[in-house]
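There are two complexes below, and they share chain A, which is joined by chain B in the first and by chain C in the second.
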Partner chain A sequence: MFLLPGFSGVMLFYLLPFFEVVRRSFVKSGNGAFVGADNYRMVFTNGAFQLAARNTLLYLAAGVPLLMGISLFLSLLLRNLFLRRKLVSAMLLPMAVPAAVMVLTLQILSDKQGLINGALTKISEKITALPAFVSIDYLNSEWAIVVVVCSFLWKNTGYMVILWLAGLGALPKEVEEAAQVDGANKWQNWHYIIRPGLSGSFFTIGMLSVLQIFKSYREVWMVAGSYPQEQIYFLQHLLQNWYLKLEFDRMAALTVILSIVLLVVCLLLQRRQHF
Partner chain B sequence: MKRKGRVLLYLIACTVCAALSGCGGGKEEEIPMGRYADREVKLPGAGYEYMHPCPDGGYWLFGNGVDLTHVAADGTVSREKWGWESNANIHVKFSYGISDEGAVIFGYTPMFYSDEEYEAYAAEGDSRYLYYYVSETGERHPLELYGADYRKATNLEQFAFAPDGRVYAASDSCVYRIHLESGETESLFATEGQVREFAFVGDTMLAVDGEKAYLYDMAGERLLADNTVLNDFVKSHRNGRIALTVVGQSAETAQEDSAEVLYLACRTGLYRYVWGGSVIEQIADGQMTALGDSQYNLYALQGLDDGLFRVYFSGNYMVEMYYDETLPMKPSRELAVYSLEENGRVRYAGRLFQKEHPDVLVRYETGMDGDNAVSREDALKNLNTRILAGDVPDVIILDGMDIEQYADKGVLKELDGMLAPYMEEGVLYQSIPEGMRMTEKNRIFGVPMTVELPIYLGEKKYVEDMQGLAGIVSAAERARAEHPEGPLIDTPYQENLFDLLIPLCLPAWTKEDGSLDGDSLAAFYQAAERLWELDSEGMSDEERARWQQDVVNEEADLSNIMFGQYEDYYNIGETWVALGYLKNAWYGVTNLHTRMENYRNDYSYYKKLEDEVVYGRMTGQAGNIYRARTIVGLCEQAKEPELGEAFLELLLSDTMMQKWWLEGHFDGGLPIRKDSFASLLDINNLAFAEIKGWTANDISAIYKDSFWPTEEELQWLYDTMEESDCCYRPGTLLEKNVREVGARVLEGGLTPEEGAKEVERKMAIAMEE
Partner chain C sequence: MRERYRMRKKKRGAWTATAVCLLAAALICAPLLMIPGGSLMDHAEIKQILSPILEEGKGFAVWHLLPFYPTLDHFYRLLIESPAFYTLFWNTVGMTAAILGGQLVVGLPSAWAFAAFRFRGRDILFGLYVVLMLLPFQVMLLPQYIVLQKLHLYNHFAAVILPAIFSTFPVFIMYRGFTQIDGEILEAARLDGAGELQIFLRIGLPLGKMGIQAAMVLSFLEYWNLVEQPMAFLEEQAKWPLSLYLPQITISQAGFAFAVAVVVLIPALFVFALGQDALEEGIAYIGVKA
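And now, the complex of A and B:
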């Protein structure tokens, strides 16, 4: 009985709406006629979906390992540092930065007349051996995905470092000390003791990183609008644009597909709880 | 335990069944009757800006350039001729206060007869706000206000005469008491904002700003403790003005410990507060009266005997609110009307409709109502969510929306059948609804109430026979060759240039197969870039920045074309090729003669200029385009489809087409009804004279001059309307992208060809979607 209130909430606000989305994915919006798997077929054959799915996968493939790797590396560096707490607090600052400020910063940096171009132009002027630098509008060029990945890393690394540090903090010191006494070097210490010990954190941090990737859409949209440079056109752009175009049926199908993909990713991560 | 559970389940099931079956509701409910309604009060003239209600049921009216007018309780009108103001060097009056007996205090700016005089005046600092007092017997003198806590020339926006004769005033941060004889100004208490309203209850003064109600004991000269009931009310209505009136002891209030009653009017309705009580009760719903009409601002409220109220609004509009026992307390039916932005015509039609159908509540909702700062995209998302949930409005105003998308998705109803009688009988300019055909079905899903026609105007040597984008560029080049300095066209911002050109070309950028015509778009960017270049050649960046500062709002639509405008710019050299959209019929084809003010002010040189100036239809890449305004659509899944159709019929009626104009909304576009349009251009239409406050005799005087369109000119305008068959519909994604990329093209970041490719790229994803 004590589960009932919580379960009712989940049913009412998550499961029932989701079932409704599943139902809508099999009917035509407007007249509500049953269309079988047509909506799914339309999604998979849609050029915009293919582009968005490719970009989202690329973003995931680049962003998640980089975020996890960099944050783990930093946490290992910080682990025994005296000023660890202060440094970690400083690294959390990007998370506190409002989205609007972040967007402005991105624009100031990546604009054709922005700081990055300014700095590179100055460098090329000073070093005459280099060819003359031509300014690039990064968010409207093939560099757009790099800018987005960098901003994602900048914003989320601090948070992930904290999570890794928590995982590291939970490892028993005695085991490492015993290994050192037995003559284990740093690599062996990492490979045989720390890495297996962090398996539990791996799932949580991996899942959170994937979710952060999806959440970072807000900044991308604010910087580049509903139709950004091709490489940073993600699935959320597609969903949002379909919503504005009243393509509710296809949107429902895509939502179901995404849910299944996320579920699979979740299960895979859960099964591979060691790395 | 199991048994208890079963009993509990049984009880729940019984309760649910009882609730669903409507237990106890066998008797048909009686509809409660009676609610407040309103009727317009005919005012004794035009130009008033201020009303002071008197306790005897009469009221004073006053304004800049009009006589002080008293309307007695029995309706007798008496006017006090002033006319001495220019001798007292009073140029413009503002911020009035009038006593019950007719004493007046007001702010004014003086007249300057030379630049030196103005500079000397300005050098004194912020001394623009001067004040004057005229007693009820006509004695008058300037008020030299001074005081320990009063800074000279503070802007006092509100004045009030207390029943004991003392005068109070409010700035944006303080309430003062003014001694009329000496000019001494005492600061009484600080306020959070500008006090907009005063009321007096016995010895207590109530002052209300946007955040708070201040109570001041005039006898004890101290601020009283906050009244939380009033404070809460003020806070919850901070977005609009609140008007107050106190009604003394009456038969009604006698039962309530002889308390005085404060009435508060605001956009949401009329409220009643028994002084000292703990509740404010609503007695009239704003939505069902003129109070909720957002096109007017509430200025003053007067409580009368027998539960009557007078409400004075901006635009010199007054209504009397009365309790009608024959009306149902709550209308039994509801007509839901939706638009993205506030539309005065629709609001007005809603009020007319509600008057005609007292059993219907017209609920007019706007997606971006200004107070909630919702973006267009968010408003559309909200609307789509409602559509998704089946909460569909009955009537939808499609301005700023992608109509084709809504039509394609089955949200909008086909209007062909409904419009057929109008088309067959030739009531409407047929080409205009025909220009709204869309989707694969080639049907009409929305019909505009008015249109705007693209017009050019300029000296013959520059603009004669100007055709297409190339023609506009050539005209600008010819004008620039003769006038190397100053702007050529009235486009301080890049956006203004796009406002002019995009409507002329947008329909031409989509091929028949739905793909984008990149060549046409590149040609458009070339023309836009060249025009911007030509315009910029005549001024430095700093000069343009200064020009932009004068305009202030980048999003302001400057595309209204008028002959007077051209003439003004001609004189000051701000434009040589006037391009724009004709938005009103009264100011005429190109306003060659139609401005009555021309005659009144003897601006005969307008006529001279006409000989050197030509005008014609401005064209771009598309055909004979028109800009559609107030595009009305009906929803397929409407809850009240008959009411929706009746509402559209009202909007299309001659009454509505003309009435809106007669209310003084002259820039609302040209009506698509032939008879209404002709009537608006008819010099014998005395209604126009009436709204300008002239008598029929003055109108006849206009015949003495030829400042009215000739038959030939009128025919040109009618023909141009007939030929307009290509609708420019704003709000499409293509336009948004063209504007975004266009800014980069004009700034030199992209060539026209690159710009076209960039738009193609952006649209490619959209088309794939």
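And now, the complex of A and C:
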């Protein structure tokens, strides 16, 4: 059968070990004694976990709506443009850029004496009505989350634009044309035709954005390392650091918790999708 | 008259839309423009323009898009004087090639199985594949570590390569490519007495080309940029890929780092340019209803 070689690999490298982790999450890692929900209790009462969970939620709350909003806005503009293909490619370019390549650039841009602060200072000097601008050390202050969200948007906007455009492309053109003939304005067109037609896409793209947030750890780690500014210490840092410290029992519990949350997201996505 | 007014208004709207989108695209691409210039800038110039960052003196760093005194020094140092660079470079190339090849060998038949056959448990199994493809690496970190330890693969290249080969993401993309094939063609081939293997090789592969290309492009971009897996599973730095080496170069060596960045970036951009249609198609596969 065609599926057998692939599936046995999936079993070996993904499913079986995952069940092993589920088992271990109820067991003490040294001696293998059954401890019930102790590991889970340890995770929930852990200060680092609470911090990381709060930060991750904040990141989600900021990143997902911004990404969806910006990419939807752009794709609505792009939809009928002559230059559409070229522009979409340009927006997709960050997908091809390895995270490592951007580390240095981001440093130069966001340093306390970097390019962004330089430009802002210049602007505030020109326009005397504004109060004097005080340089911000973006990566080492509460602004770090802003940097992270910006880099998330930078990386994923093109990706989501393509998904929105695919959704928009599936809408029947005739309805809109008919509405236009009847004198519907842009707002009415959006409110009564496009928005309801896209409701499926809203859901899909929302869920995919959530998952992208979890996948954006690579970029965060690249710019800020394993122990970043408090605001951008996410659940992935926690997993990574427990891994390095060999704290496998807690890590197993956290892995299970996180997978359950993400599993729910995935199942919601699938119910809607019928892949 | 009214019609004309409306046409003109529409045209103006298109211009503003183009302008806004151009601006967004420019914003997205702008940071990349720093890289080529930086890689050709000589050390003194970099030191001078970045001195506020490097020495924490007064004022702000500036940047020149084009270097005043262009030089190939950094490339010379990288390509001629750093043998270690080649180790890392070939690590990256080798791992990426092995993963992509393995994904084709393993993933293509799996994708075909999902697309061409209805068997018991197919839907549940496929749902499982989709969930696995959407999970972030950190969730699989501990599970994979456990297997790799058991198989004594920790700190071998195989620790990165094998799990990646069995990644379910390319299976999904190739599957979506195969589902674009008209079922009647397969039906006709079966009636004409073609074997299943023959159908797969003669009809599936050529007609599902777009999905295969899309999967390969997406995988290349992913694995050329490997960070977490080698960091977790490869202890020896000599086995690392370039993408882990680059962030270790400090900002005082900015020119050199930019030169490495150019070398890392060129293959990725090359694949991006060649595979663009496939890439966009592949992304759209993820979102659209079947």
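The criterion applied here is as follows: the second predicted complex is superposed on the first by the 240 of 275 C-alpha atoms of A that agree within 3 Å, B and C clash if a C-alpha of one lies under 4 Å from a C-alpha of the other, contacts with A are read in each partner's own complex, and residues count from 1 in each chain.
One rule holds in what follows: contacts are C-beta pairs under 8 Å (C-beta built on N, C-alpha and C of every residue); 3 or more make two chains touch, one makes a residue touch a chain.
These numbers come from a predicted model, not from an experiment.
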| item | value |
| --- | --- |
| Which superposed partner A:48 touches (first chain B, second chain C, both, neither) | first |
| Chain B versus chain C as contact partner of A:227, first or second or both or neither | first |
| Touched chain A residues, chain B compared with chain C | C |
| Chain B versus chain C as contact partner of A:243, first or second or both or neither | both |
| Partner chain(s) touched by A:92 [first = chain B, second = chain C, both, neither] | second |
| Contacts of A:141 with chain B and chain C, given as first, second, both or neither | neither |
| Which of chain B and chain C A:109 touches, first, second, both or neither | second |
| Touching partner for A:262 - first (chain B), second (chain C), both, neither | second |
| Doubly contacted residues of chain A, that is, touched by chain B and again by chain C | 243, 248 |
| Touching residues on chain A, where the partner in the complex is chain B | 29-31, 46-48, 51, 112, 137, 140, 225-227, 230, 233, 238, 241-248 |
| Residue ranges of chain C touching chain A (in the complex, touch as defined) | 14, 17-18, 20-22, 24-26, 28-29, 31-32, 34-35, 38, 50, 52-53, 56-57, 59-63, 105-107, 109-110, 112-114, 117, 125-132, 134-147, 162-163, 165-166, 168, 171-172, 200, 221, 224-225, 227-228, 232, 242-244, 246-247, 249, 251, 254, 257-258, 261, 264-265, 268-269, 271-272, 276, 279-280, 283-284, 286-290 |
| Chain C-facing residues of chain A, complex | 1-3, 5-7, 9-10, 12-18, 20-21, 74, 77-78, 80-83, 87-109, 111, 113-115, 117-118, 121, 135, 154, 157-159, 162-163, 165-167, 170, 200-201, 204-205, 208, 211, 214-215, 217-218, 221-222, 235-236, 239-240, 243, 248, 251-252, 255, 258-259, 262-263, 265-267, 269-270, 273-275 |
| For the chain B and chain A complex, residues of the former touching the latter | 377, 380-381, 384, 387-388, 402, 405-406, 409-411, 733, 737, 740, 749, 758, 761-763, 765-766, 768-769 |
